[in-house]
Amino acid sequence: MQFKYFPHTEEDLQEMLRVCGVSSVHDLFADVPEAARFRRDYELPQALSETDLRLFFEQLTHPLNAQQLICFAGAGCYDHYAPSVVQNLIQRSEFLTSYTPYQAEISQGTLHYIFEYQSMIAELTGMEISNASLYDGATATAEAAMMAWSNAKKATRVLVSETVDPKVRRVVDTYAHFHGIPLQLIPAENGVTSRAALDKELSEGGVAGVILQQPNYFGIVEDFTGIADAVHGQKGILVINANPSDLAILKTPGEWGADVAVGEGQSLGIPMTFGGPGVGFMACSEKLIRKMPGRIVGQTLDSRGQRCFVLTLQAREQHIRRQKATSNICSNQSLMALYVTIYLAVMGKEGLREAAEMSYAGAHSLCDKLLATGKFRLTYPDQPFFNEFCVDYDGDLDALMAEATECGYLAGVKVGEKTLMLAVTEQRTPEEIEELVEILKEHKEARA
Amino acid sequence: MATFESGLYYSESHEYIRVEGEFGFIGISDYAQHALGNVVYVDMPEVDDEVTAGEEFGAVESVKAASDLISPVSGTVVEVNEALEDEPELLNKDAFANWIIKVQLSDPTELDNLMDVEAYKAHCEA
Amino acid sequence: MNRTLYGNLIFELSKKGRRGYSLPQDYDRTHSTAELPEALRRSEAARLPECDELTVVRHYTNLSHNNFGVNDGFYPLGSCTMKYNPIINEEIAAMKAFAGLHPLQPAETCQGALEVYYNLQQSLAELAGLSEFTLNPCAGAHGELTGLMVIRAYHEAMGNKKIRNEEMKKDEAPASSNSLNSTFSNSQRTKVLIPDSAHGTNPASAAVCGLEVVEVKSLQDGTVDVDHLRQLLDEMGDQVAAMMMTNPNTLGIFEPRVLEITDMVHKAGGLMYYDGANLNALLGECRPGDMGFDVMHINLHKTFSTPHGGGGPGSGPVGVRKGLEQFLPTPRVVMENEKIGNEENKKDAASASSNSLIFTISHSQSAPLSVGSFFGNFGVMLKAYAYILSLGHENVKHVGPLATLNANYIKERLRDDYLLPIEGLCKHEVVFDGLVDKSTGVTTMDVAKRLLDYGYHAPTIYFPLLFHESLMIEPTENESKETIDAFIDVMHTIAAEAKSDPELVKTAPHNTPIGRVDDVLAAKHPITTYWKSLEA
């Protein structure tokens, strides 16, 4: 069994077996009932040398198998710029190969950056408190729904706007169903949450929480004025799922009066990597701190009087509270939280704003040009959008998108029979925008 | 060493109740606070909430443990000890002086199901 | 290290006007966010740091020096399987061609990614002895929750019919409605049996899934009390959705009566859930499916070598036995022409011509569960699949035996100084109940902190809860005899110090960047952001 990850020599093995009082490693499984023993070889490929392994993956990433498309797709995953220092620093093995920082004395690196991460997320979202991160934006939203439900004493349901990303809603639906939370959908009207429907539901009472998204699934920036007061009027909590990269500019969940802000942090420069890993964030008001799921890092002092950081409020967590814990989560997306922290440190106050500004400008430029072709019209005219928007196309949308793909462009995400949703980030050059418009404009409908 | 106070009723889950007329002051025993260690948070109900004998009404947290508070009697919460919000460590300083909630008893016969100090002492030593 | 310089928070290094980035300046400025109504814009800029690039690089590099990872030294953290995280896997996961894939791009443009995804699903199924896997869950706890959801969905669909696993056929399951809101409300199977020795995550996951936890007692050696289980099944068997088990259990002991247990629960109509936390012990020797488990999760970040990253990202694939595939969450990656359960086509697809579409993404399932926006942590899956390919069938089978040998060797060599509460074989980890000689008052916590002084990560402490002074050591298969011997020597040294100079051990650590932390202060008045610390 000589293999690069197995250090024992034959001599080592014999000596260790002798100490254990057995003659073969298999004897160490003598307590396993025979019917449960696995007595054949696994049907798996043969071991690959490092050279062959590299070749294998190079084959899989050949342009035919992993086409690098110029990305105008969003829908929850965005192609933002990532400064090279970020990827380099998170690869440091002291971060990469460590576990959850239980032993604070030799984990200050991790605890320190999580404290910075929490501070940055709290500041971006305009909230008082942040946890150390969750799996992704969708599960963070589901956790917020459970938080609202456990916070309410006599509520009958949680309201979710139809303008929340359907992928996120599916996850919230799944969690709510099993957890036993009745959900009610608030319909969309011209691409935004119907205020009439929301007000009607709120007036009937019994609402534990309301879940909204900003910018919403269609890229529209909604006006939430007055909603927080109405929700708080009946002791419910307002949850806003926000896109953090836009929060450099947009009114924060805190300013809207939200009690909980959640979302997907991938837009803070994390590579798309086919959808994961990203990072879910959750921030809340101070009064909800003990209802919040996930790890939290706090500041304290050590025995020598130095400022240091430690996992705190652990009595909320599953390893102590078992079935009474606020959640079953027992980790965080720590390395991705580090990614976000370094990204925000490098981009800083101005860089995040500038990237958001460029994304906004690019999306609006693309929109103008698409409308000018005469082949597209805005799906939701007169609604303000940020860096993502929907257009309707009367022809064969699938064929149109397929042609763009042939030309090396991911033209967007199809969100309706006729509706294409496009996103622009600071990575898209004016030339790329021009060329995509050209491709879409020149596309000829096949004749039936 | 844990101290025990006579004249109170005790439950198996280490809550005590001091009865004064139709009211009872509920807290955790000195034995319980010793077992928990440094208390960092007390989760308390609100005034006017109903509590039921044998059911939880809150929790006490230390750094490494959390313990549900089980009501020894049924009744209505008429007061909560707000001092514990800022200074949960009062439970460590003097568990008997620092009650957690004051309730109006709905069924005083429930007190018969509780232990006196001698029985409770034996319960702790068992 | 100069802590006054490097102990700063990044906010304290910020100076107005500094820049750490550069973005292109030539873009169409026709529009700007000033167009947005003021009511939609934030009133003040976010107080993010303003730092130059070198300041940022140095700050985080220095922070890393205050950390300890597997690459720094022996990390015998029980139950966490801190094995080596091969460097080549990082290289593969960072390949630009994978990093640049959008999850919604057409399947025909990302066949390479889908192939990895599909093959990893299949490899895990073979290693687990189960039928199908979903890779969507992002962590072990997430997998556990997903697995329990699958179990509940199954019971709802089966209308609470008592069946035995060998009778479990897919055509027996009625197709359920497409909407979750109204379906699945009729099963009485709302209880889940969990051994009292289980990790806290098991009952927490059950509670999130809306299940009621019923504890099964353990015997003195920590294994399941089968008589108590039988009694519970007699009392409430028709209400039991599942029993959750970890095997080897949280004490590192193989459950000797596992076959009897799975059989009893199946006869009562419940399913068996396998918590894959300790799967590493079994690679090569047994498979959960063969022991009678129906649903399980695997922690890729434990058994399949992907780095823990200071707490994540992990990945918690969930596998099911035949007949339960239709309850797995969407999206699923499937082979073209392979509709779930359609066996003949599955074989043909493998020989499909190379220029046609082979792998597709399916959203159609009878119970439309979803546990994440996309496909889970794909970057982590790449590393796990690279690991499986590196080992191949000829090396994977040695993982469990070697990890188990290392643990038993430590057990035999430390039992003179550390109290071994359970005699006999352990599997991949060994639990001691503190020092044999406790007369000087040195606790497990003290031993753990003293180990830090000697350059080791501490074992898992105060878990399992069955013993007061639990000290749980998991060495993994990657550690050399020299490393393990050196660790054993240090453990003996600490035991000697506990007698000769107990104060030294009780006040440890002494050589770490910080001393013991005041966690009471942290919890009593939580300061969890820089902004809050400014108020204090």
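Some points to look at:
Chains: A, B and C, in written order; residue numbering restarts at 1 for each.
In the analysis below, a residue touches a chain if its C-beta (ideal position, glycine included) is under 8 Å from a C-beta of that chain, and two chains touch if they have at least 3 such contacts.
Owing to the predicted nature of the structure, the values given are computational and were not obtained by experimental measurement.
Among the chains present, the centre nearest to the common Cα mean is that of C. Between A-B and B-C, more C-beta contact pairs join the chains of A-B.
In terms of their C-alpha centroids, the spacing between chain A and chain C amounts to 19 Å.
Taking each chain's centre as the average of its CA atoms, chain A and chain B sit 43 Å apart. Separating the CA-averaged centres of chain B and chain C is a span of 38 Å. Counting only residues that touch two or more partner chains, chain C has 519, 523. Residue positions 314-315, 320-321, 324 of chain A are each in touch with at least two other chains. Chain B has residues 40-41, 61, 63-64 in contact with two or more other chains.
Residue ranges of chain B in contact with chain C, taken from their complex: 38, 40-41, 61, 63-64, 88-89.
Chain A contributes residues 290, 314-316, 320-321, 324 to its touches with chain B in the complex.
Across the complex, chain C meets chain B through its residues 462, 519-520, 523-524. Interface of chain B with chain A (complex): residues 40-41, 43, 61-66, 68.
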